[in-house]
Structure formats: structure tokens, C-alpha cells
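You will see two complexes here that share chain A, one where it goes with chain B and one where it goes with chain C.
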Partner chain A sequence: MKTRWEYVLLPSFLIVGLLIVASQYVFLKGSFFKDLGLGRISDTASMVNYLRFFTDSFYLHTLWVTVKTSGLAALFTLTLGFPVAYLIARMQSKWSMILLAGIVVATFVTIVIKVFGLIIIFSADGLVNQALMGLGIVDTPYTIIGNQTGVVVGLMHFTLGFGVLLLYSVIQTIPRSLEDAAQIHGASRWRMHLRVLFPLSLPGVTVGVLMIFNMCMGAFTSAALLGGGRVFTLPVLIQRTVMMEIKYSMAGTLAAVLLVTVLLINLLSIYLIRRLRSARLVIA
Partner chain B sequence: MSRVLLKGVRKSFGDFVALHQLDLEIQEGEFLTLLGPSGCGKTTTLRLIAGFIEPMEGKILLGDEDVTQVAPQHREIGMVFQDYALFPHMTIAENIGFGLKERRYPKQDINDRVEELLDLIRLPEVHDRYPAEVSGGQQQRIAVARAVAYPPKVLLMDEPLGALDLKLRETMQIELRRIQQELAITTVYVTHDQTEAMNMSDRIVVMNSGRIEQMGGAEDIYNEPRTRFVADFVGQINLFDANSYEPETGMIKLDGLDQTVHVPVNLAGGGESLSLGVRPEDIGLANSVESSSGMNHLAGVVSGRTFAGNLTRLFVDVGLQKPVILEAKSQSVKSNVGDKVTLTWPVELSKLLSD
Partner chain C sequence: MMDSTVHRSREVNGDTLARIAQKRRKGPPPKRGYPWGKVSHYVYCALSYIFLLSPMIVVIGASFHGGEYYTAIKFPPEDPSLQWYTKIPTAQFKALALSFGLATLAALGACIIGIPAALGIVRGKLPGRSVISSVFRAPLQIPAIVTGIAFLQLYYLFGDATGLYFQGTFIGLYIGHLFVATPYVVGTVTAILQRFDVRLEEAAFSLGANRWRTFRRVTLPVIMPGVYAGALYSFMVSFADVPISIFLTAPGFVTYPVELFYGMENDFDPSILASSSLVIFFCLLVLLGMQKLVGLDNLLRSGSR
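After this line comes the complex of A and B, so read on.
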């Protein structure tokens, strides 16, 4: 009889499944019970936490700030990352591998160190402010700590490397000869990008941007450090709710809202791309 | 439709010299093939004409216009790529009409021209399909139609048949030649396949390590190769190292054999390292060893025999490292492995080659 080797994979599948499902289950279930203070939780299920979330402008504002900063960071990462990724993907020398390796290394350096680097660069007498004041663009030092701009910059710093790697792999799949063919048959570089590169990379780029957006939505460290206790995103708020307010159920509710929001935005984007594609504007 | 002129064109990539001082003129309406092994500079030449790369020295002229500094999209060139490079997200009609749309032709004109081209390539039913939905040979023809849609000054083809199987490649050779002649379009074709080059071209340019080795019609190249490289690259040939050519008698001495043979007298060739080349089909078997005038002789032992349908090859050991190969109609070859034979070939078919 043929040995069913697939069964060997079963334990790891079960463990991974359990870890993912169980943790989600615990906080999703917890979100339906009222906090009684000091970490105690009521026995009877209710929607009280959700009611509070959707009636309290503070919570709603936090959700909005999270979506806004993540969306902006994802878009800026795309705008900054695409040209870099394109350049590396089309480079025909050993430098492309060196640059790619550099980006991988930089990407996997812990975000704590990178954020402190940012803080130093943007500090009152740091590089950026010295340059800005030296050029007479600003009079007083400009800070990114404790405002939304800072959070967006922090999130971009966190995701830019991933973004370049993701976009690189997308561009790599588009043969260079297609660009040559467009050009030799009369398309300027701009028209080539518009008629060939953009439509062909759109599906991959959408997936990439969504992944970056998802990373931003869940990013804690850069948002917490650059938010400086003044800007709250959902992950930052969840941490505070658990650690400082000791309201496990409310934290569960926040996590559930975050999860559902991310899910909805992703599904909506995929749906829109599908529509575009069936309308023959884009094809994969 | 116009001529192409490359004047003293040089190109290197880092330390690698891809082209040394290339001078080449392609006549109006001519089908010219750049033939050579990979790395010989043939594709570099094509990409220089296309404008994808710039020469470090020299000029490129299309017609009378110096296009050395002109961007590819303004050169009015059509090109067929090795992987066809059809746009996968556009229909076949959109692919063919690409160049016309980029040049802002009215929609109706584009449609008419696409129809006309689909007729030319004999694929009238495929407008609305996507490239992935047609066969490799059809994609190939669509790529040709796209390249000639906006009547280009020159048509460039970069090993366009490389991805097709042998039978289809032969059909496509005839097809491409037909389209080229019907449009009377100046064509530069790049290939490493000598049969393809000989089947299609008006003129062949054999290239080797960034230089032109020889150019001429298929018959010139095959029958009168000037260098060892050309003789070896185009067709099969037996090569013997030789020294001391005497122009008055046409006598040369073969290296490694204590024997002299004759080549035609007063050849231009000469110089240090010479070789003798004889095509396998020019060699026959002599009945007797007695020398007749106008013929060369070489004795040996048959060391191998292969059957290739209409032809049979004999491998004859004459005391050199490599056996001499002779090729003849199968029914006329009676000798077997181990037989002692005398090879013979006419003096006028002996080729004196320089390095």
C-alpha cells in the first residue's frame, strides 16, 4: 500500500490552525462580555463594548486615524517604492543583487532601532531641521514626534523595504521585451508606462499595497513611538487598554473592529479590481 | 523602406567589447541576415539600429537621416522579438494596431489596416482573441504584423523563430520571406542558425567576436568561405591545418601528415596560419590510388558509418586526430568500418582558409 506521507504534515497543520483560530476565538468571544474593572469580566454576554465603540467619538476617531495613516503610508510607500523597485528590477548588473540584499537587511532590522534613527534625524537639532532652518524654509524646528505626519513617516519606514521587495517581484514578472516592443513601435516612455507597465502590474501592485496597508493597520511600535502618546491608532490603543486600563474585553472589541475593518477593506479592493478587470480595463 | 548605414560603430559593455569598428550598409528592400554564435555582436548591432543602446563611437543612418541620437520611438522601425513580446493584456487587433494608435491614426484607419494585415498573415479570424489564446506560430505572425503595421523604414527581427519547433520553423521561414518580399521592406534578421540564414537572406553577414568575418550571398559564403571560422560555422567542413602555400603551383603541406595536396593557384589568401577546408559532400572514394590531375587523394581507414536517410556519412581515419567526414547518397556508399579507402576530391573545391 502506498504510504500516505501527507499525514506527516497533519500535526503541524493542527498546531498552526489552533494557534491562529484559538487566539482569535479568545478575544472575539471576550469582546462580547462587559469589563467589571481590575481585569474581571462579567458572565453574561452583551453588545455593550461594541455600542460604546460606535457611540464614543474617541474610538471612532481612533479608527479613522488608523485607516487614514495606514492608507497614506501605503500610498506613499507605493510612490516611493515603485521607482526604486523598477530600477532594481531592470538593472542588468551585479548591483541589483547587492541593492536587493541591502534592502532585505534594512527591512529586517528591528523597527525600534529604525524609529530611534528617525527620531534622531528629525530631532530639533537633527539633520532635517538643520537643513530646513539653514535653507530658511522653517523658523522653528519641525517635529514629527506626537503628530500624525510622524506616524505616517514611521509606518512608511517600517514598510518601505517590504514594499520595494513586493513591487520588485511584481515588475520582475513583466518581460523587458514588452517595454522595448512598446517603445520601438512608437510609445514614449510615459505612454509605455501607461499602456503596458501600469495595466500589467496593477493586479500585483494592488496586492502589494494591500499587504502594506495591512501591515500598517497592525503596526504598533512605530505608531506608538512616533505618536508619542498623543496620536492613537487602534494597535496603540489596544496596548493601552490592556496594560493601563486592564479592560480585556474592550481590548478584544477593539481588536475585533480592527480585524473586521481590515478584512472589509481588503475584500472591497479585490472586488473593485475584479470589476475593473471584467470591464476590460485591466487584465491580469 | 530605406537603407541602413552603420559607420565605424563601436560598442562595449564594461571591459567586454561587443563591436569593434563596424561598417555595414543594408540596401533598400534587402533581406540581410546577421549570422554568428552568441556573443558575436549580432544582437548588439540590431539593438543599436533599434536605438535601445547607443554606440560609443560612430554613426547610424536610416535613409539619409542620422539617427544616432534619436530615441527608438522616433526611428520608425518595426521589430519582432525572440519571445514575440506581444502585449498579453491587449487583443490581437489591439496588438497589431499598437504602433498606429501611438501615432494617433484615426480609429477607422487603424481598423482597416489591422484587417489588411490579418489578411497578409493569413489569420483573419483572430481579432478579439488574446495572444495567450493562439498558437506559437500564430503569435509569431501577429508579432510580424504589429512590426510592419505602421510602414516602418526598417524591419528588425531578433531570432524570431528560435522558440518554434523544426517543422514550423521551416514553414515560417517561407512565410516571413513572403511577407518581406510582398512589402519590399528593408529587413535585418538576426540568427545563429545557418540554414535559416541561407534559406531567407539576400545577403548574409557572418559575425564573430564583434567583427564581420565575411559578407555575401548564401552561395558565396558557403562555397567560398575566406576564414576558418566562416567555413566551420556555415555548413559542415573538414578542416586540416596547413602550412606553406605556394601560389604558383597551389601546393600546400598538411600539418601532421607527410603529404601535400593542391588548392587552386594564385589565391589571394596567405599569411601565417592557414587551413585547408573540404566539404563532406565534395569528397568521394577513388577506385585506384593512381593520381589523376585536378584531384587530391588521401588514404585512410573507415572508422565509422552513420545513416541519415538520403545520405550516409563515413568517418575516415587518415592519421589525424579528427576523422575526415564524407557524405554521399546512401545507395552509393558501399564501404564499411575497417575498409581501407582512398579519399578524393577536386582541387577546385579545396578551400584555402585563413584564421
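After this line comes the complex of A and C, so read on.
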């Protein structure tokens, strides 16, 4: 039976490829023209927007805040998510279905609703502040609106469910018999985790953490709502530049910087992990 | 990646390897201390779950609060009532209907584009297979907000050239959602196809089924769990999206998450709590359906990329 499957793929490839090329080309090209206000742009190409970005400390600070909050959120998501993913993946009772269902619901409910819940929890007379003030830890209500802690918490809620699902599928590809073998041969639980589970899951975990990081870098909602107009990340700034200042070219420049930063950090991490592995530092 | 069938062989005659090892040891099993490691693991996971689920539980709880307008948001709720459920404005229902229709069509479109793509990637004689599959994965690598503004500018340019403006129309919104939804179907179906036993198709073919019949009766049923998983992911991604929709919607034509977003930024109406709770229940319901249809673990196993 000879079916030419490569032709089956062709229409899809053309659609997706065309959409990628067209959309990316238009905004990247636009980012090289100066805004003249009210959505009009100049006719001559120049680097003026990029110059402005890299000489204005506000823009540079925004880029740094974006990378920092995304990186922290990705790391915290990993630390909170990995033990949960491991628990579910190795569980053999009916309970694992219920635990999984909790994760999947948390993944699929829109972040706006979750941020809404967070605001209620952290409001002045909300659960957290009642507990903190009742225990005498703080005198004035603690708030997560308008500071970077809030943005990181919001980003974590955006990615944690998805992160657990990713890590779950990574752990499932590691045969449990390897863990048993290590323990039968006398390895303690910790030693087994360190010498068997960690190195085997590292490639998958790296990919997972990078995906989570990428999600955070493009996340707009939690940063916009919890930043409260005081913390700016690049996605928030892009939306403001388009909706309020109506400067499409500058927004294009911001988007281009964001895109390139994400790609560079991804390539760099993959390169570092490869170096690490070839130097036999990780797989002992 | 290792073969996923390996770890199913760990049971030998119903005994785990650990138990076999223990049987072979002479004398009573070695005494062990209290399993603190295990207990702390459970406690840690319980805290993660509380962190993860508390916002949704609080939203549902607070939606039953029966207070007046300005004291209307309270958790735990007092004087339980359904008052906010009766006060959901029609704008929110309209937005919900739009989101639902959009997400359904996005999932459908993602399958139509994604299934042939996955078949081609796994089975086609392709030069540069990895490049092609990374093209299909690219929309996930592009930050969502960048996709939003990129499509907005594309529509402006296209409109200036042809007089056909897509921003703020259903088609424009749909193309943007389809763009981010498709990679999920490609990913899940590719994962299943890579484990597909081609001899099944050869058998069907040699027994006289034609190509289309073989595909319908053999290939499709096998890849169906992957299709369901991919469709579910793309539905939910579309249903929850803000950063793309916020650029492509227009006043009076907004998806539900965007409506909520503006609601939270501007005039804060407690009826949002009620409609949000309905959405959470809806997500639970979809999940239950999926659990009945294919089983949650099958769904997620095929989702591994």
C-alpha cells in the first residue's frame, strides 16, 4: 500500500507556514518605521524605535522585570509541580484520577477567573490577611496587587496546572522498574531520586520548564491585572502601546524584542544543557 | 524517549520486584523507621493543591454570598443565596456564546489541519522532517501577545490592500485562535502515530479494504484518543485566551475572558462571580465527559510531546 503521505501534509503546511510568515513579517517590518501619532507611520525605515528601546531605562527595566518574573514563576512552578506530577504518575489507586482531574480543571479554567479568586483571597479582609493579622505577623493588610510578588503568583497560577501535566508525561516515560532496581540494590529514596530520576528526567524537564517560561513571557492577563498599573512587563506594555498610545510601530518593536529574547534564552538553555551533559556533569 | 510498554512489565505474577527482592532475603523484612519522606511528600503535594485550587474554590464560594452590592464579595459567604446568578447581564451570556462557538470551531479546524499534518510528519518521506515539525510547533513558541499584535497588524495591512478588514470580525478572531490551537492536535496525534503498528493497516489492505476504508475503519479509531486530547486542548486554549482575543475583538463583540478582563479593570460587577462559577462547572462537565469517552489517563498519555 503506497500512500504519498507527504502530499497529505502539504495543505496544512502551506496554511500554517503562510500564517506564520505573513504575521511575523508584517509586524517585524512595521517595527522599523517611526510612529507619527494616531496610528500613522512614516514612510522611511529607520532604527529609531530600537534605539529608543535600548537607550530608555524604562524599557530596559521592563524587559528585565519580564525575564525575572517569568524565570521565577517557571522555577517555582517546577518546584511546586514536580512532586505533584511524580505522586500522580507513580500512584496506582483510583485516587490518581481524581487528583489528575483537579490539575486538568485548574489548567483549563481561564486565568482571569483565577486572578479574580486571588484578589479575593488577598484582599484587605480576605483569608490570607485575616490569618496573617490574627497571628500578629503583619499589622497592615498585605497586598499582592501592584507588586512583583503578585505578578509571579499570578504567572504561577497561569502555568502550574499545565506544568504538572507536562512533568507528568515526562515522568511516565521513565520506567518505574529502574527506580525499583536502584532501591533493591540498596539506594535510599534520596539517592535514587538524585542518581536515577533526576538525570533521566532532565531532558524532559528542561523542555517543560522552557515551555513554561515561554508561556510566562507571553502572558498578559495576570501581569496586567495583578500589576495594577504599577508593575510593567513587556506584554502589558505592548497592549498599552497599541490600545492607549496607538503606536503600532513601537508596539511592534517591543514585540520583536520579546520574541528575540525568548528565542535567545531558549537556545542558550538548550546549549548549556547539552554542554553539561557532554561534560558528564549530569549523567554520572 | 523510552518505550512506554517497559514499565508495564514490572509486575511478575502479580508480585512487584520490590516484594520479590524481599522474599529472597532471609529472615523477617528489615525494620524501617517511620516513612517521614513519604509523609512530607504528601503534605507538600497537599499544599500545592491548596495553592492551585483555592482561587477557583473561593470564586465559587463567594458567588453564593447574599450581601448588598458593595459588600457583595465575601469568602466564606454569608447568608447564602443565588441572587447573583439571576443578575448575570445578557452581555456576559453573549460573550459566553461567542467563546463557546469560537472554541468549538477552533477545535474542529485544528483537527482538520492537524490530523493530515501529523500523518504527513510521521509517515511522509520528508526532507528535513524536524524543520517541518518545528514549523507546526512554532505558534507555541511565539509569545501569545506577539501573536495577537502580529495578526492585528496583518489584518490592517490586508485591509488597506484589499478593503477587507478582518479585525473585530469573527473570521479574524477565528484565524488567530486556529493558529494557536492547531499545534496541540498535531502534537497529540503525532505522539499516537509514532506508536502505531503499521501491520494493522497492511492487514486491512490485504483483506481487500481500499485506502479510504482502511483509514476510516483502522487508522482513525486508533488515533482517536489523540484526536480527542488535541481537540480538548485546543478547545480550552481558545476558550481561555485573552492576549490574542484582546487585540482582535471589538466593542460589543468580545469573548468571555476578555469581557471578564474589562469587567475587572473597570466597573466591578459581582455577577461576574456567578458566571465564572458556571464556567468552572462547565469545564468540570467537559472533563467528566472526556473521562467517560476515553479516560483521563489515556487522554494525557497521548498528550505527551
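To be clear about the criterion, the second predicted complex is superposed on the first by the 273 of 284 C-alpha atoms of A that agree within 3 Å, B and C clash if a C-alpha of one lies under 4 Å from a C-alpha of the other, contacts with A are read in each partner's own complex, and residues count from 1 in each chain.
Methods note: a residue touches a chain if its C-beta (ideal position, glycine included) is under 8 Å from a C-beta of that chain, and two chains touch if they have at least 3 such contacts.
These numbers come from a predicted model, not from an experiment.
S.K.: Go through the superposed model and pick first if A:5 touches only chain B, second if only chain C, both, or neither.
M.R.: second
S.K.: Tell me the contact category for A:177 with respect to chain B and chain C: first, second, both or neither.
M.R.: The answer is both, since A:177 touches chain B and chain C.
S.K.: By the touch definition at the top of the document, which applies to A:45: first (chain B), second (chain C), both, or neither?
M.R.: neither
S.K.: Does the superposition put A:221 against chain B (first), chain C (second), both, or neither?
M.R.: Second partner only, chain C.
S.K.: May I ask you to name which of chain B and chain C touches more residues of chain A?
M.R.: Counting contacted residues of chain A, the larger count belongs to C.
S.K.: Where does A:19 make contact in the superposed view: on chain B (first), on chain C (second), on both, or on neither?
M.R.: Second partner only, chain C.
S.K.: Quick check for you: in the superposed arrangement, does A:36 touch first (chain B), second (chain C), both or neither?
M.R.: Neither partner.
S.K.: Output check: A:121 vs chain B and chain C. Expected answer is one of first, second, both, neither. What do you get?
M.R.: A:121: touches chain C, not chain B.
S.K.: Output check: A:196 vs chain B and chain C. Expected answer is one of first, second, both, neither. What do you get?
M.R.: Once the two structures are laid over each other on A, A:196 reaches chain B alone.
S.K.: Quick check on my understanding: which residues of chain A belong to both its chain B contact set and its chain C contact set?
M.R.: Common to the two interfaces on chain A: residues 175, 177, 180-181, 183-184.
S.K.: Mind pulling up the chain A residues that touch chain C in the complex?
M.R.: Interface residues on the chain A side: 1, 3-13, 15-17, 19-20, 22-24, 26-27, 30, 80-81, 83-84, 87, 96-97, 99-121, 123, 126-127, 156-157, 160-161, 165, 168-170, 172-177, 180-181, 183-184, 189-190, 211, 214-215, 217-221, 224-225, 234-235, 238-239, 242, 248, 251-252, 255, 258-259, 262-263, 266.
S.K.: Residues of chain C touching chain A in their complex?
M.R.: Residues 1-2, 4, 6-7, 9-10, 16-18, 21, 37, 41-42, 44-45, 48-49, 51-59, 62, 73, 75, 113-114, 116-117, 119-126, 132, 135-136, 138-147, 149-154, 156-157, 175, 179, 182, 201-202, 205, 211, 214, 236, 239-243, 246-247, 256-257, 260-261, 264-265, 272-273, 276, 279-280, 283-284, 286-287, 291, 296-297, 300-301, 303-305.
S.K.: Would you pull the chain A residues touching chain B in the complex into a rising list?
M.R.: 175, 177-178, 180-188, 191, 195-196, 199-200, 282-283
S.K.: Which residues of chain B touch chain A once you look at their complex with the stated criterion?
M.R.: Spelled out, the residues of chain B in touch with chain A are 50-52, 71-73, 75, 77-79, 81-83, 85-89, 98-99, 102-103, 130, 146-147, 149-150, 156.
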